[in-house]
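After this come two complexes, each holding subunit A, first together with subunit B and then together with subunit C.
And now, the complex of A and B:
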């Protein structure tokens, strides 16, 4: 048996140094192998994230029409100041619409999905219900947008129902006051399926014993929902809240299908404006600057959400 | 450490820092390989690429016909067509150009010409071609294909705007014929409009629609031109819509909406063929679609010139169009221009017309798909006896139409105008506000583009 506490002789030092050297070499070799295994992922990351991000940052401080890479003309912060200059529509209504769109979507989708998930949790054939509510997720945005557009039209289904109830028609997508809320409803409807899936999984993780104890204490269903279900769903709610908000802030496909940002500026959002600036107007500098402003907004909103939920003792 | 030792590794390879710097450049350069121009072997033919929006249906086949004929008769220069949907056309120009893959021959919407010229994408037409174009085409078509007085390509399809009427709806309202002046237009619109008790539009008297650029901006600019106004100033550097003519157009449209004669929420492209719109200003290409959609009801459709404010006013309307130009990056501009001259300027016999009648290949192509070119003589030959009489007002309009502005930033100016027109129609803005906001926003953006 080797006494590891005994004084080390010179020979042992030499032996130890050799062992250390071999160990270091082995570790270095292992690191090289690890990096080799990681290389495809890192290359992918660099190619499709770092490179475009750096290019976008360069463009946000340049003027470029999108045709010739040699024509990139540095302009400093002009594109950013242009976005917030007097008379620019970026801050209001575009950025305001973006935030309202995201907030409205999250509020509606969250409320709807909590309600539906709680109901599904008490029903038979839960898989069937979850599948039914998940169907909009597997439908393309173009199809969803067009179907809802027809339903909202002056002679469409929704107005037909209103007329049958003796009410006048509403120009849902043509009236600037109702256009944004009408699109928010569709976005919330389309995204409620994934939220239900996550929340039903969250509901399954709530221990049954809590409900039994509450029942013994004589708590009613409303008290049980507010005092047990909702607090214990908080991690799932946080996840749904953040992901839905991020989707809402970056969304534009549904808007381009349903309203193209109109009437006027009523449903114009940041992502749609970025698309137009770059691909229609050939102003890649402004588009990239708008993208970075949106990035800062998204980052800020996400950090605030995390902070609020962490104060309540939950992690994402 | 010497600079050389800093930049190179001991074995002479690139340092990590230089590798990191060169990687993005290499990646970008890898997408910038030269476009396919044939094999490059001596004696092999040059292959020119032509990128257009004739991506499907009869337009694609109509273009392929003359291209095949060229390829069959020309050994040294071959043409290969590439096509994308119109909505992807400008984006495709950008992406391919940035990657060094731009087509030799481009087929842009003339609205983009200022933007393309400013970005150095289009090559000015050589003098002999510029003369040929100026001589052979109408003034509006030449102006649409020119930027800053220089001609950049052969005009292809040209669309003029006129007033479509549903004669049955006009008859039912006790009106004999299409209106000639704005007061007549307003009266006809009021008399033909009908709504149900819930406020749903049954018949729109005058079709104002927020559906697309054509139904908002195209229609408004046609009326503006008819009133003697212009959207941008002659030098193209500022908007001219905040004028008496602009105010008159915005006032007219505002009155039509407020009085219930127009319902901007209705899609006129669906409603007119269904007999739910009495009148609408639109471009000539629509006649072909209406014929297919309406069947025998098409006999109720009539076309008249865009009404003018007063009976003595001079006629004017809007024209829009496309052109075929040569890429500044093309290695074979001479061959590309020669092909364009063959396609657009060389006259060939027209089988269906009277004996000895000739027209350019492009004119025959456009008429075969229900469109027109800016060559009035060709159009008269091709739209002879037996053709749809509804096309005649569009042909006549070639003589007095005003081209859509194509200054740098024109696309953005058009979008801004559309937003403000929609804001006016939906009551978000008054006439004064809409004019003022349009002027401020368009001036700001157009000045940025120059």
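And now, the complex of A and C:
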């Protein structure tokens, strides 16, 4: 399933002997056409990938209040040391929140999707179930965030259910202790559909004969799940885990919509802090430095992912 | 094995999960019909007293919904069209043309997927605002709003997509070379080969990529928020609806927000329900990354 690492070339060594003049002009013409076809993409990457990266790197090592590009003031690594200085909130709670947010989302989404995917596999109307579980994924974060924010309110659905069960109301998003878990639940709710999809595909690739053999040996459903389903599902599980973790590390749109990082900094995460430093406080230098710190974390996780999958590829 | 008995436990799990997934949407729809003082009050009630459409009217009054809708449509169309075109062209070059630097460029395209989007919000915004000689800027990018004066600013950072190029290339590799070679011998140029043979053969993937791109573009929030802050004229639906929260009378805020949300998610929802086969395949394919 994950195969970025396959050799890049598509094969076919040029048939070297037949290099006469005609094929040489043809080949040259093909190169020109190829670069024409690639031109829009390459131009875009130059303008919207390489230039911004350079600019962000420059900003991360500068002090700048915005406005005039001539006023960019180089300060070396001050922005980075500032982030990790005593009294800075970046390491704790912000980076800690980021990790908790990502880990919490992965744990919940994984548990939910494994449970549902193994059950869906045994049912009819799989398409119908899949469609329902997919609704949150095609819905804008503004809708997801507002609906849940409203449901968490004292007069909202969640507290309505709690009250109906005879339990007291909870100030989910207003209490610093419950705010982060409450947002995690929503992020997991919104991402469980694609996890189910990938796990269902993984389950389909488990040969039926394994289950038949287990049934002949008298294995119960629990044993089958732990001894057969789960081990064979490992590649899909790993994939879901890592991609969800990466998404969790970077997402902040849901938090902007639901809590804006509050109460206090109870739900402030690194990407949101970057956003606020830049667009609320005008501290572009610190914001860019925060972005690069988070990027290093994300890159680290990505490299671990590549390493794991490469090793798996070699095993197979 | 377990299929022989009725899997009641599985049904219980799946149905419970489905209810948990759908109920927030139902709550949104129900709330959008609730009258003043009916929402956010205790005790909670799921159903509205009457299905009254005044919140929908209020959403139209508070927001210039046709303009928001137009902005969202234009941005989404620009992004989707551009991603399809550039991915298909670049994918064809990388899959079927031989030229020096091909492997390098393919690796470059792959590596673009490693950079997370949050890294670009700040530089993209600054680059667009300080674009020289645009939107009242001087040669050094000072004085004006730069490219943010145009609706195109909403689309610009998303016009090319590394994953899209990768996806198209992977599918085009499997088109037999003989077919392309035959067309070339018949005198077709590379552009004609691409348009008349490659594009028709990759239509299903194009639909999938188009749908994934469309949904992402329609739902995009953070970038649209930034651009709309610089220039409110290009506000999109999600940004506008989020703004509703600050505008209206607090006893009616949530029902009106919900009404706006229902209207804004309907187009994507309909498209998804009609073409979900392609969308779901797209999500599976994104596992290829």
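Criterion: the second predicted complex is superposed on the first by the 257 of 316 C-alpha atoms of A that agree within 3 Å, B and C clash if a C-alpha of one lies under 4 Å from a C-alpha of the other, contacts with A are read in each partner's own complex, and residues count from 1 in each chain.
Assume a residue touches a chain if its C-beta (ideal position, glycine included) is under 8 Å from a C-beta of that chain, and two chains touch if they have at least 3 such contacts.
For clarity, every value in this text was computed on a predicted model and none was experimentally measured.
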item	value
Simultaneous placement of subunit C and subunit B on subunit A, clash or fit	clash
Contacts of A:176 with subunit B and subunit C, given as first, second, both or neither	first
Which superposed partner A:281 touches (first subunit B, second subunit C, both, neither)	first
Which of subunit B and subunit C A:104 touches, first, second, both or neither	neither
Greater subunit A contact set [subunit C / subunit B]	C
First (subunit B), second (subunit C), both or neither touched by A:155	both
Partner chain in contact with A:265 - subunit B first, subunit C second, else both or neither	first
Touched partner set for A:163, first subunit B, second subunit C, both or neither	both
Subunit B versus subunit C as contact partner of A:41, first or second or both or neither	second
First, second, both or neither for A:248, with subunit B first and subunit C second	neither
Partner chain in contact with A:51 - subunit B first, subunit C second, else both or neither	both
Shared contact residues on subunit A - subunit B and subunit C	47, 51, 55, 67-69, 153-155, 159, 163, 279
Residues of subunit A that touch subunit B when the two form their complex	46-47, 51, 54-55, 65-69, 71, 82, 87, 89, 153-155, 159, 162-163, 167-169, 171, 173-176, 261-266, 268, 276, 279-283
Residues of subunit A defined as touching subunit C within the complex	1-4, 8-10, 12, 14, 27, 30-31, 33-35, 37-38, 40-42, 44-45, 47-49, 51-53, 55-56, 59, 67-70, 112, 115-116, 118-120, 122-123, 129-144, 146-148, 150-151, 153-157, 159-161, 163, 189, 192-194, 197-198, 201, 211-212, 214-215, 221, 224, 239, 246, 250, 252-253, 256-257, 271, 274-275, 278-279, 284, 287-288, 291-292, 294-295, 298-299, 302
Residue ranges of subunit C in contact with subunit A within the complex	1-3, 7, 9-11, 13-14, 17-18, 20-25, 27-28, 31, 39-46, 85-87, 89-90, 92-95, 97-100, 102-103, 105-110, 112, 114-127, 130, 140-142, 156-157, 159-160, 165, 173, 177, 189-191, 194, 215, 218-219, 221-222, 226, 229, 237-239, 241-242, 245, 254, 257-258, 261, 264-265, 268-269, 272-273, 276, 279-280, 283-284, 287-289
Subunit A contact footprint on subunit B (complex, rising order)	23-24, 27-28, 32, 90-91, 93-94, 97-98, 115-116, 118-121, 198-201, 210, 263-266, 409, 411-412, 415, 418-420, 422-423, 425-429, 440-441, 444, 448-449
